[in-house]
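Pasting a structure below so you can have a look.
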Amino acid sequence: MPADAAMAMDERVKTEPFLARLMKRPELGAIGGVILVTIFFLATADSSMFTLSGIMNFLTPAAQLGILGIAAAMLMIGGEFDLSIGSMVAFAGMIFGVLTVNLGLPLILSIPATFVFAALVGAVNGLIVIRSGLPSFIVTLAGLFILRGASLVGLKLFTGGSTQLRGVREAVEGDMLTPLFSGDAFGFFFTWLADIGLIEKFRSGTPKVPGIPVEILWFVLVALVATYVLLRTARGNWIFAAGGDRNAASNSGVPVDKVKIALFMATACAAALVAIITVIDSGSTDARRGFMKEFEAIITAVIGGCLLTGGYGSAIGAFFGAIIFGMVTIGLTYTSFDQDWFQVFLGGMLLIAVLFNNAIRKRVTGER
Amino acid sequence: ADIIVVAHGQANDPFWSVVKNGAQEAAEQTGANVDFRSPETFDMVQMSQMIDAAVNQEPDGLVVSIPDADALSPSIKRAVEAGIPVISMNSGADVAHELGAKLHVGQSEYDAGVAAGQKLAEMGGTKGICVNQEVGNVSLDQRCEGFAEGFGGPVQVIPTMNDPAEVQAKVRAALDSDEDVDTVLGLGASLVGEPAVAAVEAMGLTGEVLVASFDLSAGFLQDVADGKAAFAIDQQQFLQGYLPVVFLAMNAEYGLIPGGDVPSGPNLVTQDMAAQVIDLSAQGIR
Amino acid sequence: MTADTTFHHGDPATGVPIVEMRNIEKHFGNVIALAGVSFDIRPGECHCLLGDNGAGKSTFIKTMSGVHKPTKGEILFEGRPMSFASPRDAMEAGIATVFQDLAMIPLMSVTRNFFMGREPKKGKGLFARMDLGAANEICVEEMRKMGINLRGPDQAVGTLSGGERQTVAIARAVYFGAKVLILDEPTSALGVRQTSNVLATIDRVRKQGVGVVFISHNVRHALAVGDRFTVLNRGKTLGTATRGEITPEALQDLMAGGQELAQLEGSLEGTI
Amino acid sequence: MPADAAMAMDERVKTEPFLARLMKRPELGAIGGVILVTIFFLATADSSMFTLSGIMNFLTPAAQLGILGIAAAMLMIGGEFDLSIGSMVAFAGMIFGVLTVNLGLPLILSIPATFVFAALVGAVNGLIVIRSGLPSFIVTLAGLFILRGASLVGLKLFTGGSTQLRGVREAVEGDMLTPLFSGDAFGFFFTWLADIGLIEKFRSGTPKVPGIPVEILWFVLVALVATYVLLRTARGNWIFAAGGDRNAASNSGVPVDKVKIALFMATACAAALVAIITVIDSGSTDARRGFMKEFEAIITAVIGGCLLTGGYGSAIGAFFGAIIFGMVTIGLTYTSFDQDWFQVFLGGMLLIAVLFNNAIRKRVTGER
Amino acid sequence: MTADTTFHHGDPATGVPIVEMRNIEKHFGNVIALAGVSFDIRPGECHCLLGDNGAGKSTFIKTMSGVHKPTKGEILFEGRPMSFASPRDAMEAGIATVFQDLAMIPLMSVTRNFFMGREPKKGKGLFARMDLGAANEICVEEMRKMGINLRGPDQAVGTLSGGERQTVAIARAVYFGAKVLILDEPTSALGVRQTSNVLATIDRVRKQGVGVVFISHNVRHALAVGDRFTVLNRGKTLGTATRGEITPEALQDLMAGGQELAQLEGSLEGTI
């Protein structure tokens, strides 16, 4: 590109090492965190943590959290919060459970219906935020309580008094779509790998890892799509603009309101996706599902380099943020530290991980 | 022997810290290596992942609580498939054997609720409230359901958040707004039981309103001993931590295992016994 | 002071006004920013909007470009009554604006700011994506035309100098400009070279039939390119003068809000 | 003042009704919310809610929350968050309990020591935030986990295995300072009121309300001091400036770093105050004290009109925010609604309260 | 173009420089904003810093006022080496600055912005509080001196017009100014009347022995008040000229970065 050639000759620009250029991307700090945490656990944890099955094991919660975290990151880049996603997981799980178990709908109907419900709730959140001009924090906080309460009331209503709805696994058994949302993918491949002795087996002879849990595939897919949208499409540009400066964006012709409402809908749908995956996986749903997940999602996004004030961040960063969070929470169970110290460690590791990647970034890019 | 315990209650929950103390005491006595783990909130999805993580380490024994059989069964089955002996404790008596657990140590939350309800009705209670500090936590919800069943009279569930001042205010509010309420059942001794007693006392209704609570705390036991509270429902959860570890250690070493379930409760601590258990409670044993 | 510049000024534009604003009032709570201002802009003319600080110029052009809804008054676009719901509407109708606060996102790159809201696309349907390569090239090229050599199109706007930033906003508006180009103090932070480029650009687009609304505090700049001059004072219009009808001195007096320039007059006259 | 006189004559200013001028203050919206919620409960709740004892009953939890909320509001105005205050309540409670019970110190020593501890932790939070340039959200989140974990470990250590430390009431009995932090104030006055029949008595003859719970007095005191500092002192100006635009403030000569560190210390001390009050009141402390209080405090501040982005808000707003929150959480118990709906109701009331005061403010001040 | 204005220019100031900057370099990551600039300011003189957009003027004065730490180079304050840790330090040493971005908080009132960091107090010890009454009065009065009639001192700065906002920043710096007053394009958004007020103010404080650093793109403004002229170009200094040594035309050429003004020269000369 001629433009680049001209730049290269500018005497006001020092040549910049490749590494420094890389570290300027918000997500790369998070990779540093992943490396640090990995080194820590390699040194302290049971060796089974980094076997294939161990890795799948900590990636599974990371994946569920990550799907929410990436959605939260996009919304945060767009300048808003959604505190209702945790409750949305419970609510969408309840809707999905009732549709499949009580109404006996097949997945091909119940899944789209769940997404529609979720998207509607997201749109309502967005509309209230836009119309009232209130901060999304307070509006979706109301959503947090309302949806959580509604899940409780709904579950009690549909189960005749229990806060737990069971029997989803039986209801979806044999459904064409089930393998898309539950279980492990590429099972045949892993069986074959186990047969030729490349991966470990249990004493009983089944491979220790029966396949890649589908949520991990969803997680990767969501991260890729989100990154593509953010960095390569016009909508992505609008998201950054809407979060960076609402007025400036709107004055430059960005349809800020539409962008924000779409983001709220996407976030709610991400929660619904996690709800569907976990409900099919566990075969049940209860009123506490997704509890506190809204905060974990925000944490994930922030570890991944998003600014709480909006306009800056990345989906890939949230991807790695979720892996850090998943590794730390599950990883401690592989170590011999006393569970009482769990929270001290979790906090300490989070702090060290973010301080570390922050320090690295500053050093490499030469910022003050 | 390496034994891993995965429970659904948190390490800082007074009830579960007693379970953990039991497991640790057993570890010391048997020389077993015990790891006690639990998710940060009542989270069945994360709990199943923690069981998976435990299975990956192929311990010599696994102790789990089963508040949601549907959610946890694949992980527990995977453990059994992997040849790890499993003992369930606290909750899940009904499904333990079906899932392949060797045995169950504990008490059904529901049954304990029924027992408490019957006792309170017997003591003259006619209209009750069940103060639940964690609505949606299935094992706590079952306590209230059991209470309603055993009590017979009308029961209102009062959901609260995790704060003694708020619990106290809510209990007062409930008693203020409905003078017929004469029975209060709390689902946790320190978080609900003690503030409930304080509320009743502040309203000058001590003796007229029955207060009982699940689990023990030194403060609540003192109230029981002083006659301000009716009784505390004790699951002897120390045993739920202690026994499975001992059993699994024996199993690992000598292949020994008891043939049947062990009911650890319910055990109602009333005024006559309360004084004796206060000290044990203050040490985290009861 | 020389008022006659070498720009060619055409005959006064006589066509239908592209935008006509009638008796616009704008209140913010208890603040009356505009108390009834009328104004129009015809194709191919440069209409200067002048006035003291706080006279209401920015507020006025913001109602023209869809940012504010007028409290009272009428806007006609090509003869038809029109009410823009958002700046995007105004833009689509063909009004490009450089706001005084520039409307840029400091954290985003120069290119992304340049094309914000009107990204060049390649690919179709689901695969339509931003053509970043082309965007970068256009952006660097347009900036060069204005006299700024960017270090790189991916530099964040927040790290640009004041004048560089203003140039991005102007280049953007000119690049996308359609029927009306509104410039709110576009040269305030610009250097000598960049200023002359901007004035030349105004002249060029006017010749192409675009109507230009130009706000400035610099009498020389206004006289260099303006065809008509409307002066605002404390939210009201003091009247419109056509080029040649008014002396620079009278214009400067009007711009200062009619108040005498006190004892300074003597010492500074001709230097502002 | 001559300046005002000149203003009044400006033809560019419409005369502004007194009400409109009032409603421009951020806190006055929150008053609207209080009124709305009061009207709602007057209509639906048992009449005992608004007796003197009923009011004290919902003000007590509101007061505890409010002390935290006002501190959180000041910090938020200063542009930062502290997610560790909930855990700080537990941690400070543990420190205080150990000092009074295990070490047997008198309150005159143990209370200042607790505050010093808390202020130190606050200063560390602040220093890390300032030095690293990381968002306070993520730094104090680590604090949330670390302090919560440390409280558990500490309690177990000092009690020999229990998560509850008791005996505080016995330890402080008779201490000169106890009445300042526990029990009811102006007891004689209320007894006298009861004697002359102005307030209700129990059947036993003691007045139904034995006095004003001291936490309510602390609450009012904290609100007054915070308001004074914010609106009338130079430091208050600095707080607004630091939160409004860090760079601009620093360039104008505001010592932004010092201001922020002082705010973190003040927030931690507010948590310690709540800890001391509740520990003496309940006679015990446990590892779960203050759980989720950080979020409730932030909610309180936001209901009270603070912006999450900093630089705007008021302490009086947070004061009323806490009262709204307290009334709504306790109030439902006084109504005959099904308690399963509690969360739906809480969320709905919060949303309606903020929408309402927002609408009022816009209408009165004539904003678009 | 008339270069000789009626301001009185004293003899070239000869005292010890108040601030002397030697070979200042400043890098931002891989961007070299300043590549060795030397500059000094003496009591009672107005030293103009000129240069093209992006030349590094703002970066330079920011290192002088404690916002940036220089990557290399030395700062002497009244002859002693000095390193300001923060703008507050520089302020306390007696350097008052009007930044190009004004350093104002949009959500805060005019008065609170005016006195930000240096609030007037009344009462003592624990009861020391801001004297809001006095503050409001001073603020309105200082603004009036600059030619702006505020609607009210409690209006939020974010709702002021561009020029009103700039005037607040200037009035503030002048009010608190001590030994050195740095003005980064102070008149860019100002009206005719306000500009003449600011230039007169510069003249007034200079006569009081204050050293003034004045950045402008307007040759006329610079020539009207400047005693010495330093021109920056692409991060380097092109040299310093004393008043009378240099013709306005040469200065204008230097300011444009030495590049020829192309074909525009003819058409715009004298109007910028």
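Per-chain numbering from 1; labels A, B, C, D and E assigned in written order.
Just so we're on the same page, contacts are C-beta pairs under 8 Å (C-beta built on N, C-alpha and C of every residue); 3 or more make two chains touch, one makes a residue touch a chain.
A quick note: this is a predicted structure, and the numbers were derived from the prediction, not measured.
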Any chain that touches subunit C and subunit A: D, E
Chains in simultaneous contact with subunit B and subunit D: A
Two chains joined by the most C-beta pairs in contact, as defined above: C-E
Centroid-based (C-alpha) most distant chain relative to subunit D: C
Geometric centre distance via CA averages, subunit C-subunit B, whole Å: 72
Separation of subunit D from subunit E, taking each centre as the mean of its C-alpha atoms, in whole Å: 44
Centre-of-Cα separation between subunit E and subunit C, whole angstrom: 27
Whole-Å separation of chain centres (CA-atom averages), subunit A against subunit E: 49
Contacts with 2+ other chains: residues of subunit A: 12-13, 148, 152, 340, 342-343
Numbers and ranges of subunit C residues touching at least 2 other chains: 28, 31, 101, 151
Subunit B: positions in contact with at least two other chains: 11, 135
Full enumeration of touching chain pairs: A-B, A-C, A-D, A-E, B-D, C-D, C-E, D-E
Subunit D - residues contacting subunit E, complex: 1-3, 6-7, 10, 12-13, 228, 232-234, 236-238, 240-241, 244-245, 247-255, 311-312
Residues of subunit A that touch subunit D when the two form their complex: 81, 128, 132-135, 137-139, 141-150, 152-153, 156, 295, 298-299, 302-303, 307-309, 340-348, 350-351, 354-355, 358-359
In the complex with subunit B, residue positions of subunit A that touch it: 46, 48-49, 51, 53-54, 57-58, 60-61, 64, 90, 148, 151-152, 161-164, 166-169, 202-204, 206, 208, 278, 281-284, 286-289, 291-292, 329-330, 333-334, 336, 339-340, 342-343
Touch list for subunit C against partner subunit A, complex: 65, 67, 86-88, 91, 97, 99, 101-108, 112-113, 115-119, 121, 128-130, 132-133, 136-137, 140-141, 149-153
Of subunit E, residues touching subunit A in the complex: 27-33, 35, 69, 234-235
